[in-house]
Each structure stands twice: as C-alpha cells, then as structure tokens.
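In what comes next, chain A is part of two complexes: it sits with chain B in the first one and with chain C in the second one.
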Partner chain A sequence: MLTKLKHLLLKIIDLTALGFLEPIVRLCYGEEPGTQVKKIGQFMMVPVLVFLLFIMVWSAFAPRHKTKSGEVPTPAVTFDSYRSIMTFHGREGDKERAYLATGDAREKWLAEAEARLEELKPLRAEAEAAVEEAEAAHQGALTATYDPALAEYNEARQAAMEESKQRIAKLKVRAEGIAADDSAAKGELLAVYRAHTAQTANAKSDYQKLKQQADAILKAKFPQLAAARARLTRIAEEEQYLKQLVKMLSGGNREARVADGQTKLDALRAQYAGAEGAALFPLAKSINSAESRLARTAESAYAKPWTLPMQIIRSVYCVFVGFFMGSVIAIPIGVLCGLSRTFMAAMTPFIALFKPVSPIVWLPIFLIVIGGFFPDPDKHWFFTTLWNAPLIGWLKINPAFLASAATVAMCSLWATMVNTALGVASVDKDHINVARVLRLGFWPRLFKIVLPSALPLVFAGLRISLGVGWMVLIAAELLASSEGLGKFVWDQFNNGASDSFAKMVVVVFVVGIIGLLLDRIMIVFQRAVSFEGSVATV
Partner chain B sequence: MMFHRRPRFRIPHKLLTAALVGLVGATLGQDASAIGPENVPAIEGGETAPLDVEKSELKFGFIKLTDCAPIVIAKEKGFFDDEGLSVEVIAQPNWKTLLDNVISGELDGAHMLSGQPIAATIGFGTKAHIITAFTMDLNGNGITVSNAIWEKMQENDSELLSPQPKHPIPADALRPIVEDAIASGEKLQMGMVFPVSTHNYEIRYWLAASGIHPGMYTATDIGGRTDAQVELSVTPPPMMPATLEAGNIQGYCVGEPWNQQAVAKGIGVPVTTNYDIWKNNPEKVFGVTASWADENPQAMLAVTKALIKAGRWLDQTDEDGNLVNREEAARILSRPDYVGADYDVIKNSMTGYFYFQKTDKRSMPDFNVFYKYYCTYPWYSDGIWFLTQMRRWGQITEPKPAEWYHQTARKVYKPEIYLGAARMLVEEGFIKESEVPWDTDGYKPATSDFIDGKTYDGKTPLAYLAQFEIGNTE
Partner chain C sequence: MNKRYVEIVNLVKAYPNPVGDPIRVVDGFNLNIAEGEVIGVIGHSGCGKSTVLTMTAGLNEITNGNIVVDGKEIDGPGPDRAVVFQAPCLLPWMTAAQNVMLGVKRVYPHATKRQRKDIVAYYLSLVGLADAMDKRPREMSGGMQQRVGIARAIALKPKMLLLDEPFGRLDSLTRMDLQDVILDILDREKLTTMVITHDVDEAIYMSDRICMMTNGPRARVGQVLDIPFERPRDRKAVLAHDLYYDLRGCLIDFLEKFEKKKHTDQAEEIAAPRSAKEPPISTRGDVSARDATLTNPLTLAVVSPMA
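Showing the complex of A and B:
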C-alpha cells in the first residue's frame, strides 16, 4: 500500500517536473538517507539560500540608487506596496458588498463603520498636529542650513561677477592704450582676454558647486516629515473609505434606494387612484417612469474600479483567449506543413516574414481592424451577450481586449506552427509503412498515427507559445490600455506617486509567478502526452 | 447673428442691459473676466426630481489631471447616483485615445480639451460631431522649463535670480537661448499635450508674445513646425516630467499636477501659469458625441446637472471666502484609480497655492476655478477664441468669414442644455438663481487680460486675429 503511494507520488513529481521534491519522498521512505539529504541540500537549500542572498543584496543596494522618482524600493517597501494594493482591492470589494448589503447585516455593518469613523477623529487630529510639527521642524532645519548655504552661494557669485567686471574694466583701459600697428600688444591683449574668459568660467563652476550644495540640502529627505505625512495619509484614506462605506450602507444602499423608490411609487399610485379626468395623464406618465426607475435601481450595481487581482484574472483570461486563437490557426497549418513539402514551401515566406514582427506593430493594426467590425461596441450583440454571460461578464470584454488577444495570438503562434510541422514531418517511417500496409485512409492515418506521434513536439511548441504570449500580452495591454497587468503598470508609471515605483516592482513578481505557473501547467500536459523518455524537458 | 437662437429663459430687456453693462465694462477697461459670483456659500439642497434617463450605466473617460475633478467628484460625492446614474470613470492614456473612444462609443462622454470638440467638429484630426454643454474649469495650466534652461534664463535676466521673481515672466529671457540654439544648428524642443489643446495655444501665445516663432501648421505639415524657432511636440500629460527628465524636451506646458510634480522632483521650474497668459481662460469641457446627446437627451441633462453640482461643491466657500472642500477633493483625486499622484502634490494647486520653486510658494486662489465667474456655462466666445488660435497657427488652412466662427461655435457649444439643467437645479434648490448667466447671448465681455495686452472680443474674431505680429492675421 505504502509502496504504491510512493510510486504514485514519484510519478506525480515526475509528471509535473518538480524533481526537487523527489528526495523528500524518498527520505520519508528511508531510502539512502545520506544521498537524499545531500540532494535536498543541493536542490532545495541552495536555491533558497541564493534567493535570500538576492533579497539581502537588493535591500542593501536599492536605497543607494537615488532617482528623481524616489529611491529604488527595497523588499520591505515593495511588500508594503503590495499590501496597499490589496487594501485598495479589499476596500473596493467592501464598497460593492456594502451597496448590496441588506437587512440586519447592513445595520450592523453601518454601526461598525460609524464607530470606527468616530475612533479615527482624534487620531486624525493627532496626525495633523504631528505633520504641522514636522513641517515646522523641517522649516527650522532648512533655515539653519539652507539659508546660509544660499547666502554663501550668492556671495560667491556676486564676488565672481565683481571680479569679472573689474578685469573687463582693466582690459578696456589696456585696449585704449594700444596703437594700430602694435601687433605684439594686440596679441597680448587677446591672450589676456582669453585668460579672463577661462577665469570667469572657472569661477562660475566654483559658485555653481555651492548652488548644487544648497539645492542638495533642499532636496534632502526629511524622514520625520515623510513619516508624519504617510501616517496622516493612511488615516485620511481610511476615513475617506469609511465615509463612502457609511454612504453605501445608509442612503446610497441599493435596498434603501429601492425602498425609497417604492414609497414614492406607492404615493403616486395612491394619488392616481384618487385622481380623475385630465390629471390622470401626467400621473400615469410619472407612475410609468417611476416603475422603470425602480426596476433599474433594483438591478443596479456598484461601479467598481479595476483592482490588481481583477486585472490579473483578466490578463490570464486574455492570454488564454489569444493562445487558443493562435493554436487553432497554428496546429492545422503546422500539420499540413508537416504532411506536404509543397505546402511547407508555400507557407515559408509568410512564416519568415511575419514571425519577427514585434507586438508593438501588431497591436495598433489589430485595434484598427477589430474596431472596424464593431462600429458601436456598446450595442453590438457580440459584446452585450458576453457582458451578460455568467462568470466572464464582469471581465467586460471589449475591442481592446480582443486586439490584445489577437496580438498575443499573432506573436505566439509561430512556435506551435513550426514545432507541429517538425513533429508531423518526423513521424517514424515504420509507423507510416504500417499505415500503408493496413491501407488506412487519410483521416485515420492522421488521427491514429501522425498526430499521436507528433503530440510531444506539438505540446513543446504550445509551451513556448504560451510563454511568448504572456510576455507579449503585458506590452499589448499597456499599449491598448486594456484593463490588465500592463495597464496597471502604465497607470502606476503615470501616477508618479511616491509608492508607484514600488507597485511596479510588485508587478514584476506577479508577472513572474504567473508565468511560472503557466509554464508548469504546460509541462504537465507535455509530459502527459510524451512516451517514456521521448522528449527531455526541464 | 448675435441673437441667433433664443434660449428658453431669456428676457429681452435684461439682455439689453447685460449687453450695455458689458460694453461699458469693456470701454472702462474694467476687470472683464470677473463676471459672475465670486463667493459660493453652502446651500441647503432639496430633493432631486429624477429624470427618465435613457441609459443609466455610463462610462466616462478622463486624463490624469486635477481638472478632471468635476467628473470624479460627481461620482464620489454621489451626484451621479442622485440622478439615477451608475457611472464608471476610466483613465485614458492620452487625448487621442480618449477622443477615439468617445467617437467609437466605447465611452459615453469624457473630460476633453476645449479645442477637441471644436477640432473634431470642423474636421481637424479625426472628424466627428462632438458637442459640449459644460465647461469644467478655468485656468489650471503652467509652463515649466528644465533646470538648465532656467539657469540660462537667470543669466539673461538677473531679476529672475531673486528667490521670488516678479510675475508674469515673459519669454523674453528665453529668446537669446533660442537664438543661440538656432545659431548652433539646433532648435529647442518643448512639449504640449495635443495639437488642439489649450496648452498648445498657450505656449505658442507665450512664446509669440516675446517674438519667438513657435511654427505654423500647413496642409502638409501637420506637426506645426514650419518656420519654427522652438519646436513643439505632443507628449501625454503624465509623461511630461519623465520626458523632461530624459532630456527629450527642454520645457513643457501642461495641467496640474505635472508642474508641481516637476518642482517636487526637482527636475524643472514652472515659469508661468496660464492665469498670467490669459486670466480666467477656459480649460476643459465635458464632451459627448452629438448623436449620443440626441439619443439620450434626458441622460445628457442628468449628467450636466450632476456636473454642475460637482463644480459648485468644488468651489464652495465659507464666510471668509476660503475654499472649504478642496482638501477632501485632493484626497479623493490622489487615489490610484483617479489622478494617483501624491496628495501633497495635488493639494498645492487645488487648495490655491502654487510652488514656482521649492522656495517660491505663492497663493493662487484662482488657479483652479470650477464654478464661480459663471465658469461652467458653455460660452460661444470661448469656442471662438479657440477657432481664432486654430486659424492663427494654420490649423484652419483658409481664411474664414466672421459668420463661420459664430456658426461653428454654435454647433459645438450647447447652452440650451446647460440652462435646462441649471433651471432644474435652481428649482430643486441646489444652486442659486444668481449663479447662472440666464440672459447672456453667449459672449463674454471683451477682455484684454492677456500677457501681451491685446483685446479679445468674441463678437469680432477677425479684428482680434488682425492684431497679431506672428501667425496668420486674417
């Protein structure tokens, strides 16, 4: 039984190419403990240690590179930014739930939010006082250091200018004394004048250094002030969020708005029942519009902004749509290329021509082409159907999404196509001969002989395609401003806030981890269709 | 022509008075830009009478600039909700994409440059009939030059060395730098945000007022660089500081917070704001396609109502005339899905201060005007000013008769919708009767609040054009 489990585990490990787990399983079964421990050290401890080393080096060196958008974020700052991204996500989720909350739950939540808001008031006053104090301290420090530095610079500049003026005056006097035929004196004058300009330039570079020093004082960070401001911002943001939440839980709540609309409608109906003659018509009109408004309110939703986790899901979905589109094109063409040398010859120019084209070029082209199919996307049946579909409705698939997916398809299909062609072309001659002996037709031969033996290479191609597609997608989203990871990075770059840099670094890890997972998934598929030892993969 | 179409609420004798007052004001050289209320006290709102909107889930686009505030505030303060609208507000990467998305129907409406609806309607760039019934704000832009250029300007004009130099700073000190650059075979490069943006016309106005030629647009040169002494190019607003830092441009004209960002990051020095170039100039509008407004007239009214309320909220003052809601607005705008810059950077200009250098903080209470001075009313004369600038710089290639200017402005600016929305708001008790110019003919009084002192009267666009030394004059 236990041996069976061991074999199963080892098989899973082999299938998923997670070879580093193998020694652990073997160690549990007491197989050559010494070797296993050594292997664990080699395949698990070394990578972990190196990664820790990387984190340490990162922490040590990041603050040393100062940019005008702030310092390079350290791991700790990056993690903080990750948390702030998730806080934003959590708060927007809360607002959405608050809008839809009903009954007792709503009352309870409202009371909680209001209590917390009360709690924040003194904290905010305190934080504001701290900021003021820090500002005063900063100002004091500046007056103590910056003002003298500036005065020194001004003095130096003044002195230099004065000297220069005097030199010029002397030169002028000297020039007056030179006769027309005194070429030696003329040459000397020119030399002196040149020396004067050099001197002026030197003096200038000297006093500009002083200016730079003064500017450096002004630019220097004042940690106390930054910390006080950050704290105030944290509190003010929470307050903002709570105020909004309170609104969503009280008057702005859907249930409350529906109830409100219902009351108004009831009043109108009562009025209608009591009215007669000419007064009926306007009332009928009001009732009708109140009814349709009520129906709309009852179905309304909170217009939630995109947050990183939502954007990640949309990106992953987009890459799979593009990957699927690419594969549907690439595999049949690849098969045909593998089967027929003539067809291959026909396709070669296209492959050679389009393969190296950058996604940056494809994207605007696809944006225009796809835009042509949907003159009014908001009303087009294709999109309205998708928006109302369960599960994927919230992704709001739009022309920009399709253009990004098409770009992914266009850039990623080549690896699949070429690998499929190669796989089909290199089917074992014996297998083909067997098919011939059995007099198999085209289709059975294709599905029973050719494709199964080509599958490992097809999947190897698909794996490369998905990797390429994921890389391409981020750039495509950035250009198309299609909601997703690419847009997130671009928005952060545009925001230029003090934590924007760190948020972009967060995305580096998010993209890396998702890319890794996608690759693993493809490895599992690839191994599942491979024959024992046929294709070596890592 | 002046009395082209009568809005619903006009009373003729009042019109005459208004015109007379305007005339007298102009001849006396009175501060003509300061029409309308200066203080906006709090008001006890009533109940919103809901409209039968044709479409209740809307998507509006914006560019990450503080003057997108009316849209953001209308959403965050629930003014859209009050009208029964559920609005998604989506950041756009640049003005071109924003306009394309509005035209394609991807967006229902957007925060637009004043020149965009006009240019689209007359077919400069993408052609589409875009209209506006709401001006979002006045002023709000600045011109920033790189540190190196600023140092050279200081060398040319030692007055600029003082920690708080005298304003307005004309481009005179820049001129020798431009000439030096040309002598050494180069041209200074400066950034603006869009060919028909206020910024393009402002930086051109500023340069030309000091005799620097910013280049002409021609039928074949759509980059606008013919005869240029300084070459202007398009960069999306949020990219400006990075582009300046990278050295691709030596200066730029852009909206907030991207001038304050340059000061905060120490990469450039704002030399002037558009308040000094033209006091209380119109800046952004809320634009939709004409077909959208035709299909959704009630929704259009509801949106305009919500935006007017948002503008009023932004400009609300206490008894001493201090803006009371701006800090909260700055907080909201600093959220990453809106403008996203640091609160401390956004706060400066939004609360009425502007840092010209780290040592030079000045009070500019009218840096952003969202409601007072009849700001939100869609003035024909504003549209005509943009048309005159398009003609001046050759974007309109042929001379046009004055009549054409008036008619084009009427195609784009829709005060009827604005007045309809304002009337409802007055009845609901959200705004005061005196805060809307009910009886105007759509033309602001003539003004000479320009950096070059020229007089602009929307009624005589050709006379205005004829005053310029640089650019087309007819």
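Showing the complex of A and C:
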C-alpha cells in the first residue's frame, strides 16, 4: 500500500518534471538517506540560498538608486505593496457584497462595520498624536542639526559675497587711475579681474557644498516619523473603507434603494388615484419614470473597479483565447506543411515574412480591423451576450481584449506551426512502413500514425507558443489599454503615487510566477503525449 | 498444393550510380515457393537478402523482373504480404492490442467490434501474450515486442509471411522461444513464409528449403537446399538427426566458399562502388558468426554478432 503510494508519487513527480521533489519522497521512505540529503542540498538548498542571496543584494542596492518616482523599492516595500494590493481587492469585494446584501445579514454587517468605525476613532486620534509627536521630534532634531548647518551656509555665502564686492570695488578704483595709452596697466587689470572671477567661483562651490550638506540633513529619513505616518495612513484608509461600507450597507444598499424607490412610487400612485383632470398627465409621466428607475435599480450592481487579481484572471483568460486561436490556425497548417512539400513551399514566404513582426506592430492593426467589425461595440449583440454570460460576464470582453488576443495568436502561432510541420515530416520510417504494409488510407494514417508520432513535437511547440504569448500579451494590453496586467503596469507608470514603483515590481513577480505555472502545465501535457524515443522529451 | 504459389522471376534491384553504370545489388534472382512452404534465405550480410524481401513486401521498388503471389503480380505493399522486421516497429503510443487491431480493422472491415476484439485476443494469445494485451511497447521486453509484431503480421491473414531476421536483436534463449512460437503458428496456419537469417542452425530448424544467396553486388540464388525433416518439428529430434550435420556442413561450405571468394575478389569489390543504401560488407562479423557456429556445435541458436 505504502509502496504503491510511493510509486504513484514518483510517477506524478516524473510526469510534472518536478524532479527536485524526488529526494524528499525517497527520504520519507528511508531510501539511502545520505544520497537523498545530498540531493536535497544540491537541488533545493542551493537554489533557495541563491535566491536569498539575490534578495539580500536587492535589499542592499535598491535604496541607493534614487529616481523621479522615488527609490527603487526593496523586497520589504514590494511585499508591503503586494499586501496593499490584496487589501484593496478584498475591500472592493466587500463593498460589492455589501451593496447586494439584504435583510438581517445586512443589518448585522452594518452593526459590525459601525462598531469597528467607533473602535477606530481613538486609534486614529492616537495615531495622529503619534505623528504630531514624531513631527515635533523630527523638528527638534532638525533644529539641532539642520539649523546650524543652514546658518553656516548662509554665513559662508554672505562672507563670500562680501569679499567679492570688496574686490570689485577695488578693481573699479584701480581702473579709474589707468590712462588710455598704459597698455601694461590695462593688461594687468584684466588679469586681476580674471583672478577675481575664479576666486568667486571657488567660493561659490565651497558654500554650495555646505548647502548640500544641509539639504542632505533635511532629506534624511526619519524612520520614526515615516512609521507613524504609515500607521496613520493605514488607519485613515480603513476608516475610509468602513465609511463606504456603511454607506453600501445603509442608504446606498440596493435593497434600501429599491425600498426607497418603492415608497416614492407608492406615494405617486396614491396621488394619481386621488387626482383628476389636467393634473393626471404629469403624474402619469412621473409614475412611468419612477417605475423604470426602480427596475434599473433592482438590476444594478456595484461599480467595482478593476483590482489586480481580477486583472490577472482577465490576462490569463486573454492569453488562452489568443493561444487557442493561434493553435487552431497553426496546427492544421503545420500538419499540411509536414505532409506536403508543395504546401510547405507555399507557406514558407508567409512564415518567413510574418514571424519576425513585433507585437507592437500587429496590435494597432488588429485594433483597427476588429474595430471595423464592431462599429458600436457597446450595443453589439456579440459583446452584450458575453457581458451577460455567467462566469465570464464580469471580464467585460471588448474589442481591445479581442485585439490583444489576436496579437497573442499572431505572435505565438509560429512556434507551433514550425514544430508541427517538423513533427509530421519526421515520422519514423518504420512506422510509415507499417502504414504502407497495412495500406492505411489518408485519414487513418494521419490519425493513427502521423499525428500521434508528431504530438510530442506539437506540444513542444505549443509550450513555446504559450510562453511567447504570455510575454506578448502584457505588451499588447499595455498598448491596447485592455484591462489586465499590462494595463495595471501602465496605470501605475502614469499614476506616479508613492507606491507605484513598488506595485510595478510586484507585477514582475506575478507575471513571472504565472508564466512559470503555464509552462509547467504545458510540460505535463507534453510529457503525457511523449513516448519512448520521441524527439522532444523534456 | 500449388508448387508455384510465389514466383520470383529474374528479379533485379539496381541503384543509380552517378559515376558509372547503375549498381545491380540483386541481379537475376529466381525462386519459386510452394504454397505453405517455409523458405529460408541465407547469405552473407550485405548480399541483398533484405533487398529481395523488401521488394517482395512491396516496400522497395523493383527495377526489373517480377514477383507473382497467388497468380497476381505484386504492385506496392499490401496486407496480403505481412512483414515482421528485425526491429519490432510497434507504434509506441498504442497498446499491444491496439497495434494488432490496426491491421485487423484493415483486413476485416465488416467484422463487428466484438469480433475484431476476439480476433486480436486470439492472435495475441497465440504468441503467448494473452496477459499483456493492454501493455504499451515501453513496458515490454524486446522479445515480447517482437511477439506483438508477429501477432500483428499473422492477424492480417496474409498470403505470405515475410520475416526479415526477426530474431536478430534478441538473446539466444528468447530467440529459441520465438522460433518455436513461429513454427507452431506456421504449422497451424500453413502460411507461405520467407525467412531471412544469417544463422545456419535457425535456417535448418525453421525452413523446408534453404535458398543460399551469392555475395552481392549482382547477388542471385547460388544453391537451394532441401531440408527433409518432418513437420511439426522437434528441436531435439532435428538436432539428433543423422542428416543434420551434413546439411549444416553443406550450408557452411557454401558460405565459406563465398567468404574466401570475397577476399580474393577484393580488387573487383573496390572497383565497383557500393550503394549507400546497402550496408557495407562486414567481414569481421561474418567470420565471427561462423566461428561461433563452429565452436558451439551443440547450440542451435547462435548469438549473432549483429544482435
């Protein structure tokens, strides 16, 4: 039983190409512990240590480079902004749920939120006091260091300017005493003036240094103050969120708004029942508009902003749509290329011509082409159907999404096409002989012999395609302003908030990890279709 | 019984030679095979045995002459001439049963699924693989894979079975097993068979007649030897038979004669360039094959140095 489990685990590890886990499984079964420990050290500890080293180097060097968008974020700052991204996501989700909450649940939640808001009040006051105190301390520290430094600078500057003035006065006096034909004295005067300007410049650079020193003191971090401010910001943000939540749970809640609308409508109806003559027409008009407003309110949803996790899902969805479109085109063409040299010859110019074209060129073209199909996308049945579809409705698939997906398809299909052609063209001669002896027809030969034999290479191609597609997608989204990871980065770049830089670094890791996962998935597929002796074994 | 079930008449295989006359690997090969007969073809490696077989299978184009099987001249490959190659040539993404099924579907297009399955099971059990039907080639030993190859060939119900050194890559014990498996099937199905080998003992044990080929290029039938042993054959009885060593001596004499000839004719050999498609003559291999046979007279299945 246990041995079976072990074999199963080892098989899974082999299939998923996670070879570094193998020694752990073997160690659990007490198999050659020495060798396994050595292997763990080699294949797990070494990478972990190197990664830690990387984090340390990053932490050490990041703060040294100052940019217009602040310092390069350290790992700690990056992790903090990851957390703030996730907090934002969680809070927006809460607000959405709050908007839709009904009945007792709403009441209860409202009470909780209000209680928490009360709790925050003293905390906020405390945090504000702490900030004030830190500011005072900072100010005190500044007066102790900055003020003397500034005074020193001012003094030096004053002195230098004074000296300069005196020299000029002397020069002027000297100039007055020089006759028109006294060229030696004229030359001397010029030399003295040159010496004077050099002296002034030297003195200036001296007192500028003092100024820089003073500025450095002013700019120097005051960790106590930064921490106090950060705490206050956190509390203020939570307060802000709770206030919005309370609004969503009370007056702004859908149920509440519907009830409100209903009472207004009822009042109007009662009025209408009692009225007569000319008063009826305006009343009928308002009843009608109140009714339609009520219907709209009952259907309405919280206008939730895009959060990073939502953008990640949309990006992944987009890359798969593009990857699927690309594969659907690439595999059949690749098979035909592999089967027929003539077809291959026909396709070669296209492959050679279009393969090197950058996604940046394809995207605007696709935006225009796809835009041509949907002159008014908001009302087009294709998009309205997708927006109302379950599960994918919230992705708000739009022409920009389709253009990004098409760009992914266009850029990623080449690897699959070329690999499929190669796989189909290089079927083992023995296997072809089997087909010949059996006189298999075209379709059985294709599906029983050629395709299974080409599959490992096809999947090797698909794996490359998906990797390329993922890289292309981020750029495409950025250009197309299609909601997703690329758009997130672009928004942060344009936003210029204090944590924008750190958020971009978070995206680097998110993109990397997702790319890694996609690659792993493709490896599993590729392994599953590989056979002994197939060309593309991972 | 049809004495001329298979007729090979004046068979020629020539490869184009850019610097001279085409190279005739096989030239004027004549052979008649009776229905149900097992004919062994023996000769030095590179003499063109396999060329004759692949031409008979239709996998190799015939330059001149013709091959008639059961009154019909062959035209390309077909399931009426099943081949078992030296390598098992199974499709690695299919189980044993699926590999056999591929042919069965082709040959029994009107059978129901159930019937086809039974046919596959029958032939796999015939080669002793009733328990390994759902195994994939990589889970099987070389011997088992070759058994599947045999089952796949026999399941086609061919008019003729072509065996191209089917045991060349197997160890001697497995080889003996498989010789018996094939002989059993041949006795049962009465298939007309051509078996290519360079193992003298295997040739005697399996064949009704042995066709000895002269050395290539321009290889042809040198001599045909009748093997008068009864069927079904028993290995011990064959080995103990008075005639056994005479037959064996006759075969070895023939092969040795050509071995010597090859050495004396070396000048001529070099003058005529060899086609790239034919493996070069390996003198060392043949000598050691003979030596092994001579030094182990009691071993029927000799490990070929080619294995």
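In this text, the second predicted complex is superposed on the first by the 398 of 538 C-alpha atoms of A that agree within 3 Å, B and C clash if a C-alpha of one lies under 4 Å from a C-alpha of the other, contacts with A are read in each partner's own complex, and residues count from 1 in each chain.
Everything that follows uses one rule, which is that a residue touches a chain if its C-beta (ideal position, glycine included) is under 8 Å from a C-beta of that chain, and two chains touch if they have at least 3 such contacts.
Here the structure is a predicted model, which means the values were calculated and not measured.
Colleague: Mind checking the superposed model to see whether chain B and chain C fit together on chain A or clash?
Modeller: Aligned through their shared chain, the two binders fit side by side on chain A.
Colleague: Which partner does A:371 contact after superposing on A: first (chain B), second (chain C), both, neither?
Modeller: After superposition on chain A, A:371 lies in contact with chain B alone.
Colleague: With both complexes superposed on chain A, which partner does A:295 reach: first (chain B), second (chain C), both or neither?
Modeller: neither
Colleague: Looking at A:437, would you say it contacts chain B, chain C, both, or neither? Reply first, second, both or neither.
Modeller: A:437 contacts chain C only, not chain B.
Colleague: After the superposition on A, what does A:452 contact: first (chain B), second (chain C), both or neither?
Modeller: A:452 contacts chain C only, not chain B.
Colleague: What is the contact status of A:500 with respect to chain B (first) and chain C (second): first, second, both, or neither?
Modeller: In the superposed model, A:500 contacts chain B only, not chain C.
Colleague: See if chain A has more residues touched by chain B or by chain C, and give me that chain.
Modeller: Counting contacted residues of chain A, the larger count belongs to B.
Colleague: Once superposed, minimum distance in angstrom between C-alpha atoms of chain B and those of chain C?
Modeller: 50
Colleague: Name the residues of chain A shared by its contacts with chain B and its contacts with chain C.
Modeller: none
Colleague: Going by the contact rule at the top, pick out the chain A residues touching chain B in the complex.
Modeller: It comes out as residues 68-69, 88, 150, 215, 218-219, 229, 233, 236-237, 240, 244, 247, 252, 289, 292-293, 296-297, 300-303, 305-306, 371, 375-379, 398-400, 481, 490-498, 500, 503.
Colleague: Touching residues of chain A toward chain C in the complex: what are they?
Modeller: Interface residues on chain A, with respect to chain C: 430-431, 433-434, 436-440, 444, 448-449, 452-453, 455, 529, 531-534.
Colleague: Under the stated contact criterion, what part of chain C meets chain A in this complex?
Modeller: Its residues touching chain A are 57-59, 76-79, 81-83, 85, 87, 89, 91-94, 102-103, 105-106, 136-138, 156.
Colleague: Under the touch definition given earlier, write down the residues of chain B that touch chain A in their complex.
Modeller: 50, 52, 56-57, 64, 75-76, 78, 81, 84, 86-89, 91-93, 97, 104-106, 163, 236, 238-239, 241-242, 245, 261, 265-267, 328, 331-332, 334-337, 339-344, 358-359
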